[in-house]
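Order as written gives the chain letters A, B, C, D, E, F, G and H; numbering starts at 1 within each chain.
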Amino acid sequence: MNEKDIMQLLEQLKNNNISVDEAYRAIKDLPFKDLGFAKIDNHREIRVGYPEVIYCENKTISQVREIIKFMLTKNNNILATRASKEMFEEVKGLHRDLRYNELGRTITYEANKIPRTESYIAIVSAGTSDLAVVEEAKETALILGNKVEVITDVGVAGIHRLYARLDIIREAKVIIVIAGMEGALASVVGGLIDKPIIAVPTSVGYGANFNGLSALLSMLNSCASGVSVVNIDNGFGAAYNASMINKI
Amino acid sequence: MNEKDIMQLLEQLKNNNISVDEAYRAIKDLPFKDLGFAKIDNHREIRVGYPEVIYCENKTISQVREIIKFMLTKNNNILATRASKEMFEEVKGLHRDLRYNELGRTITYEANKIPRTESYIAIVSAGTSDLAVVEEAKETALILGNKVEVITDVGVAGIHRLYARLDIIREAKVIIVIAGMEGALASVVGGLIDKPIIAVPTSVGYGANFNGLSALLSMLNSCASGVSVVNIDNGFGAAYNASMINKI
Amino acid sequence: MNEKDIMQLLEQLKNNNISVDEAYRAIKDLPFKDLGFAKIDNHREIRVGYPEVIYCENKTISQVREIIKFMLTKNNNILATRASKEMFEEVKGLHRDLRYNELGRTITYEANKIPRTESYIAIVSAGTSDLAVVEEAKETALILGNKVEVITDVGVAGIHRLYARLDIIREAKVIIVIAGMEGALASVVGGLIDKPIIAVPTSVGYGANFNGLSALLSMLNSCASGVSVVNIDNGFGAAYNASMINKI
Amino acid sequence: MNEKDIMQLLEQLKNNNISVDEAYRAIKDLPFKDLGFAKIDNHREIRVGYPEVIYCENKTISQVREIIKFMLTKNNNILATRASKEMFEEVKGLHRDLRYNELGRTITYEANKIPRTESYIAIVSAGTSDLAVVEEAKETALILGNKVEVITDVGVAGIHRLYARLDIIREAKVIIVIAGMEGALASVVGGLIDKPIIAVPTSVGYGANFNGLSALLSMLNSCASGVSVVNIDNGFGAAYNASMINKI
Amino acid sequence: MNEKDIMQLLEQLKNNNISVDEAYRAIKDLPFKDLGFAKIDNHREIRVGYPEVIYCENKTISQVREIIKFMLTKNNNILATRASKEMFEEVKGLHRDLRYNELGRTITYEANKIPRTESYIAIVSAGTSDLAVVEEAKETALILGNKVEVITDVGVAGIHRLYARLDIIREAKVIIVIAGMEGALASVVGGLIDKPIIAVPTSVGYGANFNGLSALLSMLNSCASGVSVVNIDNGFGAAYNASMINKI
Amino acid sequence: MNEKDIMQLLEQLKNNNISVDEAYRAIKDLPFKDLGFAKIDNHREIRVGYPEVIYCENKTISQVREIIKFMLTKNNNILATRASKEMFEEVKGLHRDLRYNELGRTITYEANKIPRTESYIAIVSAGTSDLAVVEEAKETALILGNKVEVITDVGVAGIHRLYARLDIIREAKVIIVIAGMEGALASVVGGLIDKPIIAVPTSVGYGANFNGLSALLSMLNSCASGVSVVNIDNGFGAAYNASMINKI
Amino acid sequence: MNEKDIMQLLEQLKNNNISVDEAYRAIKDLPFKDLGFAKIDNHREIRVGYPEVIYCENKTISQVREIIKFMLTKNNNILATRASKEMFEEVKGLHRDLRYNELGRTITYEANKIPRTESYIAIVSAGTSDLAVVEEAKETALILGNKVEVITDVGVAGIHRLYARLDIIREAKVIIVIAGMEGALASVVGGLIDKPIIAVPTSVGYGANFNGLSALLSMLNSCASGVSVVNIDNGFGAAYNASMINKI
Amino acid sequence: MNEKDIMQLLEQLKNNNISVDEAYRAIKDLPFKDLGFAKIDNHREIRVGYPEVIYCENKTISQVREIIKFMLTKNNNILATRASKEMFEEVKGLHRDLRYNELGRTITYEANKIPRTESYIAIVSAGTSDLAVVEEAKETALILGNKVEVITDVGVAGIHRLYARLDIIREAKVIIVIAGMEGALASVVGGLIDKPIIAVPTSVGYGANFNGLSALLSMLNSCASGVSVVNIDNGFGAAYNASMINKI
């Protein structure tokens, strides 16, 4: 239920097209729906513009199932991240349009045809090993209504591959850079292009990578000025952020 | 020298208003000016939209003086960050319009009247102790031509102070949140407002703050989705980023 | 065996109702019972008011079984934490009143009807993913005789959910706040309510959470003054602490 | 201005003893007083029971002076922590009853005779080197109206010194344990006494102490169940917490 | 082959009881035996007094088998640490006197009856969960010819259990203290007893234990002066050290 | 396709032996071959002298298969590191000369007989447990055309084993030292021999090794001056580096 | 006052050579002397064999002065560690036999001629930069009555310097190895000599030394089995430990 | 005294041009010269090819003076690193050819005209702030007889500055890359050039740089294969290493 829906409802009430009782039933779950173990934040779409996203890690399969089931009744778009294949198997019977991205570990459901932006988000990644994060970011950006261009495997060890794709990156409104190991790609892109860059360190690499700490520190210390950083492997957060900027 | 200046120069050459020699002299320093110890990146304004910023930490006073002296000859706007009071004393004789912000430790010089944006950047900070970073961010945003609103001392320990200023924060195009200690302010603002938030952890706090690590991790792990993070105490980087977004 | 039991026993001895030998047999295990691999601290209930708790991690199933078997002979209330499902399967035949909480991973046994306190402990948690720790805390608080109110899924990303439950939190005598990710909930509750708060960081979250380090540092650095902290995921410790305060 | 003051004021208004204008002037600063660089949280005493405390680190001397000057006009009790001697020199002229504790680095001002609790807080410390934190905790506990017993230099290297003072510790309502190095004192006291213990790690010690990290981890991992922890060297936070419990 | 064996051999050569060739064959493997993937350090017993110990972690089962097989031919005592049950199954057929300690994960073989010392090593541990390290230490001390007294489950949370066993600890020549969590036991024993103490931190505990870091730092920072520390979970190293001291 | 191949091609074009079209088809994949998920860097052999290496960790089996399949069509030498046994099973049918080193986890393919250098690389390792890294380094050095001498199990605990092999180490042109635990071997070799040493810390060891951090810091802080360091367990990187030096 | 003194006193009392009052006055300070800010542990010499040592860091000059003044009245040997030059200047007037070691930062006072052991402690150090720790260890060992041999500047970068002194090291009863940087010396000595080794990491070195962390981890992970470790720069602790062993 | 000198001396002895006594006096200090607090490693030039270098940090001024004084008598080239200006003031009177580099903090003395190599070492640095490390590396490389090319201020934020100097970097035999912040320059250079690269992380940067940890991890995790790393700010170590390779 978004801003338009509510306005319409209130207009109807004012014009006596619906009763107070009917209006009440329609909006009584607005602030949040209490499922016992979780409070679905229905108010969120009005307050911050997007429906709540389901972060599946540390949730049981049946909790995820309950939440999705409830959200389907509200006709919301759905995005579930960090969903295991087992979760999807358990959930897919709820609606035939639920879709699973195995590499990105997302479940998505498009309730209504989502309009796409004119401008686009460029998702740029360093190596083949970063693709899981790329997919999570891509799915997030799409469900939020963005046009997306994905440019993978352009890490600085072979910098000519990056130069070959620079034009398409330069035309983006905002850029997501995803890299593991030393994460140098964020600085290099930041030095070349005058656009906001959201960097995602990944946990890919040898030992002293320390599960992404290396790329994280690298990106935070970037000598290029236009780079801000989200959490390790957080493709979702980067895309959410980029979507906000892309829609300005 | 920006894009317009160069176009004009080339037109003049084409129309025989200047000689090839004159054109050459005017543009020969374009890619960068080699001062021996530093290469001023003149090309930068064309390439990434803003002139190079002088990061004064670890530079000697005389190096800073040389760089500013050169940049004054190019009639560029100047921003020097992390400048000690001693540096400014040594430098201020170079031009009467050089200005020092003692708390923020910046030196600025406005070569031409900078036009301000309609939309504004909100800079929101948690405690009085974060003011140095606030000032660095503010000076950076201003020299880059942004309108700025500063809301300080609204940390979550007295959350009603934040609510009292929520309207002005909500109307911003992009928000910078500056907080030390546990850095919870970024999450709280992110949960309330649907705008891109750039969080700056500060090194303020008791022992287990570990020089800003606490706020840094806190902000990276924010449960609110619209938050991206820059380096500890990096007011400049946050403002540079915010400026890019504000000018979209 | 608690204070009252011992006093009664000594009275009986004084009044010649029991022999010295009988008294001796009754109290000989008082300081501790040596099971070979473990010394059950029988004296503990007298000394610190609660019977010893069995921390099952790193114990073998048969060790846990031996300890519970012995404690059942003493008619003590029993609390075993971090108990795997396998442990419970092996143990449940010892007494039909042994109860297992699968999410909280506790085994409990109520030897006598435990009287409940009038005042209550509020257990407040940020997300669905923190529920395991919530359950451990709840079971602990209950076996120690406390009234408990549980308020889950009120993290700061949707702060209105917290406000909706503020009254019930405010009336508690002591509050346990359980949160992962950036752990901001502890500071927000601490800023709103004038009661002792025991914060439990959880290991829930993305990469730079570093297994709970993020929330731990966040809570230790809380700008709200009434917050003290226990170990990561330590729902038991928080509840034990809260119980002491609730019973003052 | 506390609850009683406000009630009185409203009664006066109701009884026409004061005008609406007068009432307005008296309460207009209630939520907070904006000093430009800081918002004094006047509402705090009503909301959380104690006046706001001034944390002086990272504040300039003139900021501290401004805040204290304002608070004196409100006739509040004042507690400023981490105050340097230089700060006090600058401030002491504002009122002859301002008092400085050099070791504890606190400035205090007792506006009205503070009533003391019957029950007391025991502050127990390991070594002579922890005394600065002891003093901060003591001053905080006193200004908040608590009776306090201080037992210093009873570290576990000479555990008989602790046993000699056990009676007085045992009679406290709540105990603050302050220790550096390996911080074992918290566990030992926790194993002996059935009272809530608030542990304060200090930054005292040799190299691998890592500025208090050793004692911090030690206390968080305490095998004794009644121990919760505040930040390194945070004597104020411990006493604030203990005061809440002591006043239940 | 130890010092006595070699002397005898050389005497025989001098007295013409054996030929130079025979002597050569007997001693040619002395410095080390090259098995291709490993060089067994035969010289070690002469040089540092004990035969080489097999550290099985990161070795394949067949490598461990080859090494033990070779050492059996030399009639050395054998100690293999960190040996999995699978390793022992594969190896036990090599000699019927090979013995496996499942909890301590050691394989031992006593080639000759080992004489025991008069004085003894006390192994003192905090909790049931530390028993694996206790067993590794015990097996090591025994194969090196020491008398051993084991006192388990005397952690500081119930310090009276420790006092009950203090006499036997006090009579030891050297003491090994094994503890996880906050490791306070080492300091308490060190404060009570005037003997060299070798402390072993274990990786047992809740989250902020960080795999033994907590106990490790705690023991290194012990306020008791007689404590030195070996690596986390290194029961072998502690016992090896203690044996050296016990045999002085 | 290397430098010689391209020159030949261009000569043919110039001499009209091939058409422009034919030349174009031959070189159109030169900069990189886009497989969709990965861009094979064909240009690399020309640019940096060696073909691209396949780092298999975090790649799916089918991705690895696709890349190897493509590289076989180019008649390149192939080196795949961190390849699981499962990967090799899936891949080995592609060409009968694909070879798997199980301990070192490498897949190699020698397209053409590789000429060996006269000078050699010495690979020196401390313990049996370091052999996996030794094998990765050896396979890398061999495929790059180097003569290699491997000296294993010469850790400093039995330093005479090192001295016995010092001659062969001393004659190398460059030395790779591989060691876990405290990594002291690098310093000892560096103090004895005047050759460039590339040190590889391994993740082998007890608890406070922290997955190789101990050896890593040790080697970075080596008091011997000729030591540089690569990442933990990075046998490949060390050999690649050593090969560059060996071929000077 | 040591064991002999007390026995004598009690004999005198028994034989009526002194009155109960006199005996009482002589022993009333036995458990500890309360100086207000510190409790001097007089009982310590009886309990653990050595008088209490004054750790001066974090104590004020006047506290140190008070403690030394009191201890002089008891005719104890005195050892104060981490004493600044300023402290000694303030203290030296108390007794002409107070002696200051500037490099080692110790104040010592020999009340009675201390008998020396026959056997000796060898103190072995890596570089000139470790001398401060060497001196602290030496002064400690001497005041505790040990014969000491000091061998400095024998780090592994020039291992022949160590070999030249091996005989004198080998004859020691116990060895202290002091080294910064990578701390490899402990492992090398441990591999060569069959004696208990107490390793002291020092905070000497370049950046990634991290204030001694490098040497600390290195020594804890030593592949040589006879090495135990004390805190960074803790020369006192090492010597105290070594003294215990040397006196067995 | 180098190899040639000794050979000459032995020839003279053989030919009876000098007496045994004279020969003895000339070589008696060969292994090392004992100055009491330090053992000058005279043998080093023979053993590892270069004279010993004086690392001045943690040495007193008079120790440095003594060592330089002694080395001047041996007519060795001298390199002292980390020398403060105060040290040079004290030392410069010893010989008029002692030279101080203030930025690089080195003292050098060229005993004999040092022959330069044909091939050269390229020293490439990211920012002006890294110049101190550049100077230490340059002085080291020069005193060791290398030709050096220095290319500064070519960080990746303005990557065209690097491209402008790529030719001179490509022609070097070995490259030193010096960078702080995120240290990306090492990866970028490593991806472009097929030469051994020795990377030096510097401690330059904002907060989460953690004194060079960021650049250190970044370089260790470099995705470019030819990069090895030395300690933070260790310009000397990098140049020493590079010199070895340059002289092959």
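Basically, a contact is a pair of C-beta atoms (placed from the backbone, for glycine too) under 8 Å apart; a residue touches a chain by one contact, two chains touch by 3 or more.
The chain list, named the UniProt way, goes like this: A, B, C, D, E, F, G, H = Nickel pincer cofactor biosynthesis protein LarB.
No experiment lies behind these values; they were computed from the predicted model shown.
Student: Which chains does chain C share as contact partners with chain D?
Tutor: Where chain C and chain D share a partner, that partner set is B, E.
Student: Please state, in steps, how far chain H lies from chain B along the shortest route of touching chains.
Tutor: 1
Student: Where the contacts of chain B and chain E overlap, which chains show up?
Tutor: Of all the chains present, those in contact with both chain B and chain E are C, D.
Student: Taking mean CA positions as centres, which chain lies farthest from chain A?
Tutor: Greatest centre separation from chain A goes to chain G.
Student: If every chain is reduced to the average of its C-alpha atoms, which one ends up farthest from chain F?
Tutor: D
Student: Between chain B and chain F, tell me the centre distance in angstrom, where each centre is the average of that chain's C-alpha atoms.
Tutor: 44
Student: What whole-number Å value describes the gap between the mean CA coordinates of chain B and chain D?
Tutor: 38
Student: For chain D versus chain E, what separation do you get between their C-alpha means, in angstrom?
Tutor: 50
Student: On chain H, where are the residues touching two or more other chains?
Tutor: As it turns out, chain H has residues touching two or more other chains at 47, 127, 157-158, 191-192, 205-206, 208-209, 213, 216, 220-221, 225, 231-232, 237.
Student: Going by the touch rule stated at the top, which chains touch which?
Tutor: The list of touching pairs comes to A-B, A-C, A-F, A-H, B-C, B-D, B-H, C-D, C-E, D-E, D-G, E-F, E-G, F-G, F-H, G-H.
Student: Going by the contact rule set out above, which residues of chain H touch chain B in the complex?
Tutor: Chain H reaches chain B through residues 127-132, 152-154, 157-158, 160-161, 164, 204-209.
Student: Can you name the residues of chain E that touch chain G in the complex?
Tutor: Residue positions touching the partner: 47-50, 53, 173, 191-196, 198, 216, 220-221, 225-232, 236-238, 240-241, 244-245, 248.
Student: Report the residues of chain H in contact with chain A in the complex, numbered from low to high.
Tutor: It is residues 126-127, 155-159, 181-184, 187-188, 190-192, 205-206, 208-210, 213-215, 217-225 of chain H that touch chain A.
Student: Residues of chain D touching chain B in their complex?
Tutor: Interface residues on chain D, with respect to chain B: 31-32, 37-39, 41, 43-44, 47, 52, 55, 57-59, 63, 201, 203, 211-213, 216, 231-234, 237.
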